[in-house]
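Listed after this line are the structures, all set down as structure tokens.
Same chain, two partners: chain A is paired with chain B first, then with chain C.
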Partner chain A sequence: MPQTFAPRHAGTLATSVLILGAAVVLPQTLGLFTLLQLTVYAVMAILALSLSITWGLGGVLCFGQAAFFGLGGYTYAVAVTNFGESTLPILLAVLVQALVALCLGWFMFMGRLSDLYVGVVTLCTSLILFNFANSTSDPWYRIGSAALNGFNGMPAIRGINIPFLPGALLSPVQSFVLTMLALLAVYLLCKTIAGSSWGRVVAATRQNPLRAELMGYDTARVKLGIFVIGSAVAGFAGCLFVNWNGFVSPDVFGLSMSAQIMIWMIVGGRETFVGPIVGAFALQALVSRLGVGSEINANVVLGGLLMIFVVLVPRGILPTVRDGLLSLGRKWGPGKTREVN
Partner chain B sequence: MLNTENLVVRFGGVFALGGVDFAMTKGEVHCLVGPNGAGKSTFFKVVTGQIAPTSGRVSLGGSDITGEGSAQIVRRGIGIKMQTPQLFDDMTVEDTIWLGAYRGRGKAHARRRTAELLDELRLGEVARAEVGKLAHGLRQRVEIASVLAGDPELILLDEPAAGMSDADVDFLAALILRLRGQHSFLVVEHDMRFIRMIADRVTVFHNGKIFLEGRSDAVLSDQGVKDIYLGKGKAHA
Partner chain C sequence: MDLVLILTLQGVVAIATILLFSIGLAIIFGMMRVINLAHGEFMMIGAYGAVKSHEAGLNLWVAMLVVAPLVAALFGLVVERVLIRHLYGRLIDTLLATWGLSLFTVGVVTMIFGNTTSGVPTPLGTLRIGDYGLGQYNLVIVGVTLLVLALVALVLKRTSAGVLARATMQNPEMIAALGYNPRRIYAATFAIGSGLAGLAGGLLAPLTGVIPAMGVAFVAKAFITVISGGAAVILGTGTAAAIYGVISQSVTYVSTSVIGEASLFLAAIILLRLLPNGFAGRFFKGGV
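Entry: the complex of A and B
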């Protein structure tokens, strides 16, 4: 497998231009309904990228990415209800999740849990949160002026406003632009990490933790670092989701949430960062199509797709297509690309 | 510089190490020999913190390092090439060596050291190749380069010549002799020709214990040692 996380400036630039272009052009060409749909797809693409950081880059198999997504949503909801302004709540959605991941990760990585147990612990964390959030219907469960409302969820949550101007709430179109810009920022964050010296150490830890350790790298700390970053980004996605939805309920912690994220990643291709973005957009579009005529169960289709990909296209769409094109280019392209072996 | 005191490692009912008192001094090229299952690799793993000893102590340069983690021990100045290759298969040769040099020393040093080692180990041709796609002998050399990159005082090599051509073995022996001023070497090997080329002293392991230790020529010509290799060791042990 090629070192696909290495920075490829051409690809990065093209992707950035594409995202930026979509943020500028689409509001002028698409209707509000489609824009709203694309907004939530972009939120989920950010969530997929958060798992790209934790799992794709760091090799930390996190089965409970929804825990941080959901907590990010609830953190934002509670904070914005109390403050009546969104700037600090957005920061809190990110910082609180970084802190939660630091505590959980400290126990998992410094305790040298095996990869499998890390998966189990993160999965259990999201399930515990799901159950807990469901059991908070009693009015006693409130933080400041925000009641958690159990399985009914928290309705009518304030959206994002222009920083420190509570009166200037973003319109749906502005929210779309903001979400696309956030997607771009997170994508560039991923590329920056992967291209940095520390990113190389992260890749080394993922590929062979023993060798990394025998080079003197503290692999537990490396994994903890990447876990904190990935979780913080998931928290950010949760906050954007609540901004889109105006509502948050325990479903954000659900098992199907965590599973979906992994499916987007696997189908799109987890070795790249564009893959999970494409996977998130394409599969959500597919599911919403299927949802219209309700004869077909969307979950069955998703499960089937996952199996097909795992067996037939194990590396996912993006890496497979790219390597296919590269090898075609090598066959017919002008002069062979130099390959030392 | 490296000492162990009554080192014992037990796997269930098997004593992989049954009380090893080992010592080597700075600047030495020291070889460990012994039949399969004698406990040589286990000894390396204990010294580098990959296995905690059942009892006994390990000290490096006078400080007790028993029970410390691998990364911690490595930072004290030990580098190890394991018996089974431990590399980053998707990474290039260049990046692998860079990773060995980068830790604790920064980018500028890592870049310079990588260039030096690519040259010194004649890996320039394959610098951009992925490690996983190289032939076995080359991979061994990449791993050795990545160990050297950390500039450890003490270098442990577990069967570095295994699977190498005669020319590669000669190259490796010359390299060790060239570097012996800067590092101490502890080398597990079966290849007697190689051992004769490099070793100052030789320690013979047998059934988890030290059978004999001494100057290279004396140990290698010892009749008891020859018998162990032919499977008659028990009579002399």
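Entry: the complex of A and C
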């Protein structure tokens, strides 16, 4: 059994260099349209990583990751409209989601709900938010100067500016660089958590909650902690998404939003942190390519892929390819290969 | 007085509707421990079966009550053979795979029939109670739901096939040792659950309109009802449906239907917290 999520320093370094390199090189080589597309892919990769923390590392089956994503987006939108400056709203988007997750998680984990029930409760939460956000079209629903606008969504939301300089809005290229750097930061955060001693307790709780509990760890608290971190990251992703989009509507809470995050994770490999990033980029690129003048419905491809992966490649692309290469290496490589784990 | 009567009737209709679109899922989840997130798409297939066969000239009632369940059951049989049988015992994986199936089916149906609403006219007229009216068709739904429940209970409790199915869910090895083929029983159970979903889709088609994505509106509610019901297919799901139906209907009456729906989900969250094993785990141990 290969140890998953363990800090492979070489791999982490390579991934980090790759992301950083993309952030530096791509703005010079690619057109604006492609860059804008890559920006939203990177935002979604951060979202995928957030579920990777909650579900992949922590084993908390969260069907409602979109709840925190959407709420993060709305928090940012409301705050930035009121403040006219983006530094505090970004912090709020993260903090509010951490707080919401703390309350919801307290309710779930201290009540010792089973995995499946946690899934249902988080699903219900996102659906409640979806319904609620849809029914706020009355002008009465406003927070400060920001009207929520129900199903029409909130248009023309200010983007991110350089901290404490409200006049200095980021250009699309700068937004791209910021998003890539954020992706790198979140990736390193994931790695740091997984490599820390607390991260090992989290992994132990996922693998065998009873044993972890018998060893003296408070598993409810551990799950709560990882749930809060994952949700806060999802809130951050939501804020970056609104920055990219300039618009937020109740669709961010939708079932399909939560679903596609899981699909990215499954396809990329839920046992790794690189897998969800790869899955998010690859599948979104695929879907947007299919969307352009094609006979084939994107849902057919996504759904088909998900079924095929769950049945045939349950561990996802990256772990399968890596193990395949390793076993090839062991078979054909020169002499003894180093055990990697 | 009229108002009380009509509100009660509406409550009953709401409960029956929830039960009708949950019962197929309850059988598949309660008996096979397979979470079928494509449940809404089985309904959609049934609804399309009813609409298209009605358009081809078939009697509406035959289309809804016979064609819809048959089409969905056939589809379920294929799905079980191709997809679900690889996943028994992997609860979370069944959920993910059927999520994929749901997207896939919606996509394929959209490609075939287009993303337009097809509909069948609502049969029967309006029942007048004083100043208020209620579609008589709603009462048909209540009737059919009761009939389906009675039939399912009867089959599970009294027939040897039902006992065999329940035994297989408890201990497939023992059933295999006794000379039955558990795979065949699984396939049949899944097909019956799918057929019931199709029946629900066919019956609800005149009320909701038929589009490829119509399943989304039901799957979350059905899923929540069944999970809060727990392992008892009829008693648990019935209780859950009753509670959610009453809550969402009364909140809808005092506010809007969107808030009513949200209140259903909120009630589910609180109920699950209070009864972490569902109603069945608390009140109906060993019941059907």
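Here, the second predicted complex is superposed on the first by the 335 of 341 C-alpha atoms of A that agree within 3 Å, B and C clash if a C-alpha of one lies under 4 Å from a C-alpha of the other, contacts with A are read in each partner's own complex, and residues count from 1 in each chain.
Throughout what follows, a contact is a pair of C-beta atoms (placed from the backbone, for glycine too) under 8 Å apart; a residue touches a chain by one contact, two chains touch by 3 or more.
Worth saying up front: this structure is predicted, and the values here are computed from it rather than measured.
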For the overlay on chain A, clash or fit between chain B and chain C?
fit
Is A:L61 touching the first partner chain B, the second partner chain C, both, or neither of them?
second
Between chain B and chain C, whom does A:V121 touch in the aligned arrangement: first, second, both, or neither?
second
Scan A:N208 for contacts with chain B and chain C and give back first, second, both or neither.
first
Identify which of chain B and chain C touches the larger number of residues of chain A.
C
Partner chain in contact with A:N297 - chain B first, chain C second, else both or neither:
second
For the overlay on chain A, what angle lies at chain A between chain B and chain C, C-alpha centres, nearest 10°?
80
Between chain B and chain C, whom does A:S145 touch in the aligned arrangement: first, second, both, or neither?
neither
Is A:D218 in contact with chain B, with chain C, with both, or with neither (first, second, both, neither)?
first
For A:S137, using the defined touch cut-off, is the partner it touches chain B, chain C, both, or neither? Pick first, second, both or neither.
neither
Min C-alpha distance chain B to chain C after superposition on A, in Å, is 10
If you lay the two complexes on top of each other, which residues of chain A touch chain B in one and chain C in the other?
none
Spell out the residues on chain A that touch chain B in their complex, using ranges where they run on.
1-3, 197, 200-201, 203-204, 207-208, 210-219, 340-341
Chain C contact footprint on chain A (complex, rising order)
61, 107-108, 111-117, 119-121, 123-125, 127-128, 131-132, 134-135, 255, 259, 262-263, 266, 295-307, 310-311, 314
Can you list the residues on chain C that touch chain A in the complex?
35, 83, 86-87, 91-93, 95-97, 99-108, 110-111, 216, 220, 223-224, 227, 256, 258-259, 261-262, 265-266, 268-269, 272-273, 276
Please name which positions on chain B make contact with chain A in the complex.
48, 50, 69-71, 74-75, 79-80, 82, 86-92, 95, 98-100, 102-104, 107, 125-130, 132-134, 146, 150
